[in-house]
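In what follows, chain A forms one complex with chain B and a second complex with chain C.
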Partner chain A sequence: MIRVLFFGMLATKTGTREAELELKKQGATVSDVLDEVRRRFDGFPDGPLLFAVNEEQADLSSPVKDGDEVAIMPPFSGG
Partner chain B sequence: MDFTEEQIERYSRHIILPEVGGKGQARLLQSKVFVLGAGGLGSPALMYLAAAGVGTIGVADGDHVDLSNLQRQIIHNNNRIGVHKAVSARKTIEELNPDVNVVTYEERLTADNIREVIRDYDVVLDGSDNFPTRFLMNDAAFFEKKPLVSGSMFRFEGQLSVFKGHEDYPCYRCLYPEPPPKGLVPSCQEAGVLGALAGVIGVLQAVETIKEILGIGEGLAGNLLIFDSLKMSFRKVKVRKDPECALCGEKATIKELVAYEDAVCDLRTATK
Partner chain C sequence: MSDEVRIQEEDFSIEEEVRRLRASSKKIGAVVTFLGTARDFSEGKTVEAIEFEQYAGMALKAMKQLRQATLERFDVVDVRIVHRVSTMKPGEQIVLIAVASEHRKEAFEACSWCIDTLKETVPLWKKEITPEGESWVVPHP
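Up next is the complex of A and B:
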């Protein structure tokens, strides 16, 4: 299982702050997580997103394995 | 520098701290901090920076105080409705601590003037409320080699970091290379925001600014702090300098300030 965390308007759009995903594929990456999230949540935004795997910044090609926590963070503009 | 009797009393709780001491307090009194936005984040940040005795505080805001601001913008009050926010902020600061020299910028900050404005300051603090201004501030701070203490909010959540793209730390663009398309991320005005959240994030910005001036503790540079007030949880995510960053990377392509004005319909210099 991979735990995915949604922040800001991503939580608003998905209606949840976290989700659990099963990635069957070997050598899965953040990109696979994002694909799965998009499949599950209609209208998941495109915009610039920051990813972190286990609280360290990651990019789309970063590896993700069972038990990892993937955070997806949009920028906030409010001041 | 020599303190007056009044200053020794006023700053006694600082001076007694070994990490601050008379030397650190003198450094605060000689420091210059620029605050972009006298809004939700700027209000508490400005008040604590003023109380701490930051010697010169620049306040930039292009708006006037509106009744809907007072739910969170605590540097203003009922009697200041309609007053220029930078002017209202100066009044509050002057009443709080006469040691502080307040410089107000009531005009809109643009790509043409922002670098010159921040040049004289030691630390810059971003409490603006829109992406064009956030990117402008980030780029200007990078070009002028100033630490940027950045805070932002969305409803019940806040983000905080210190960007130092001119050093071996990330800048804002290392996290978010470009502003999101218009309409993708709602503003506070559109989405709402918990008033007291502005206090949490704005005060943390003041804390990081003071640490930066004093050179004490571990700064937030290289980390993004995310606060969720509903869960009452703080998360710290390690962020890194992007070697391919268009601004601070090895093959940077941004050589001057970019104006994103046309990307938004409702651009204000700072907070509303």
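Up next is the complex of A and C:
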């Protein structure tokens, strides 16, 4: 199981802060997680999006395995 | 416990942060601070309050990495970074970056780079609360 976290406007749009999903594919990446999220949440924004795997910045090609925490994030707006 | 980098709900004292920064070394000859504060007007709308959301685990880690990167990239003695995440009214303090160095040039450059890089690398999101409703802020380059 992969734990997916949504922040900011993405949490507002999906109506949730987190979701769990299963990736059957071997060698899955953040891109596969995003595809699954888009299937599950209609109208999920096209971007720009940022990603993290287990609290480290990642990109669409970063590997994802069972038990990972994947964050899908809008551009940061701190400061 | 080290507290040079903090994310907190409560307000902070610039004087106290600068005092602690200056206490870190007698080599310090310059201190530059950046203070970000909440505006009451944004993109043509009145702003009643702002609120921050953070990716709790990652935000503090990213801010600590930012302090380390600033220390490595510039010839500075010490850096402190404090960011608030509660609901803030116009005029309230949001973020403080304080940089100490032997000479002023390095402190100015490091402080400017540090706030620019914070905006790009620390997972924090600002929401503006206006009389018409709430909206997430789209960052400016």
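Here is the rule we use: the second predicted complex is superposed on the first by the 75 of 79 C-alpha atoms of A that agree within 3 Å, B and C clash if a C-alpha of one lies under 4 Å from a C-alpha of the other, contacts with A are read in each partner's own complex, and residues count from 1 in each chain.
Going forward, a residue touches a chain if its C-beta (ideal position, glycine included) is under 8 Å from a C-beta of that chain, and two chains touch if they have at least 3 such contacts.
Bear in mind that the values here come from a model prediction, so they are computed numbers and not experimental data.
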First (chain B), second (chain C), both or neither touched by A:16: neither
Partner chain in contact with A:52 - chain B first, chain C second, else both or neither: both
Touched partner set for A:8, first chain B, second chain C, both or neither: both
Doubly contacted chain A residues - partners chain C and chain B: 7-9, 12, 50, 52, 55-57, 71, 73-79
Complex interface listing, chain C residues touching chain A: 36, 52-53, 55, 57-59, 61-62, 83, 94-95, 115, 118-127, 136-139
Residues on chain B engaged by chain A in the complex (per definition of touch): 37, 39-42, 126-131, 134, 151-155, 157-159, 175-181, 184-188, 191, 193, 224, 226, 228, 231, 235-240, 270-271
Touching residues on chain A, where the partner in the complex is chain C: 5, 7-9, 11-12, 50, 52, 55-57, 71, 73-79
For the chain A and chain B complex, residues of the former touching the latter: 7-9, 12, 17, 45-48, 50, 52, 55-57, 71, 73-79
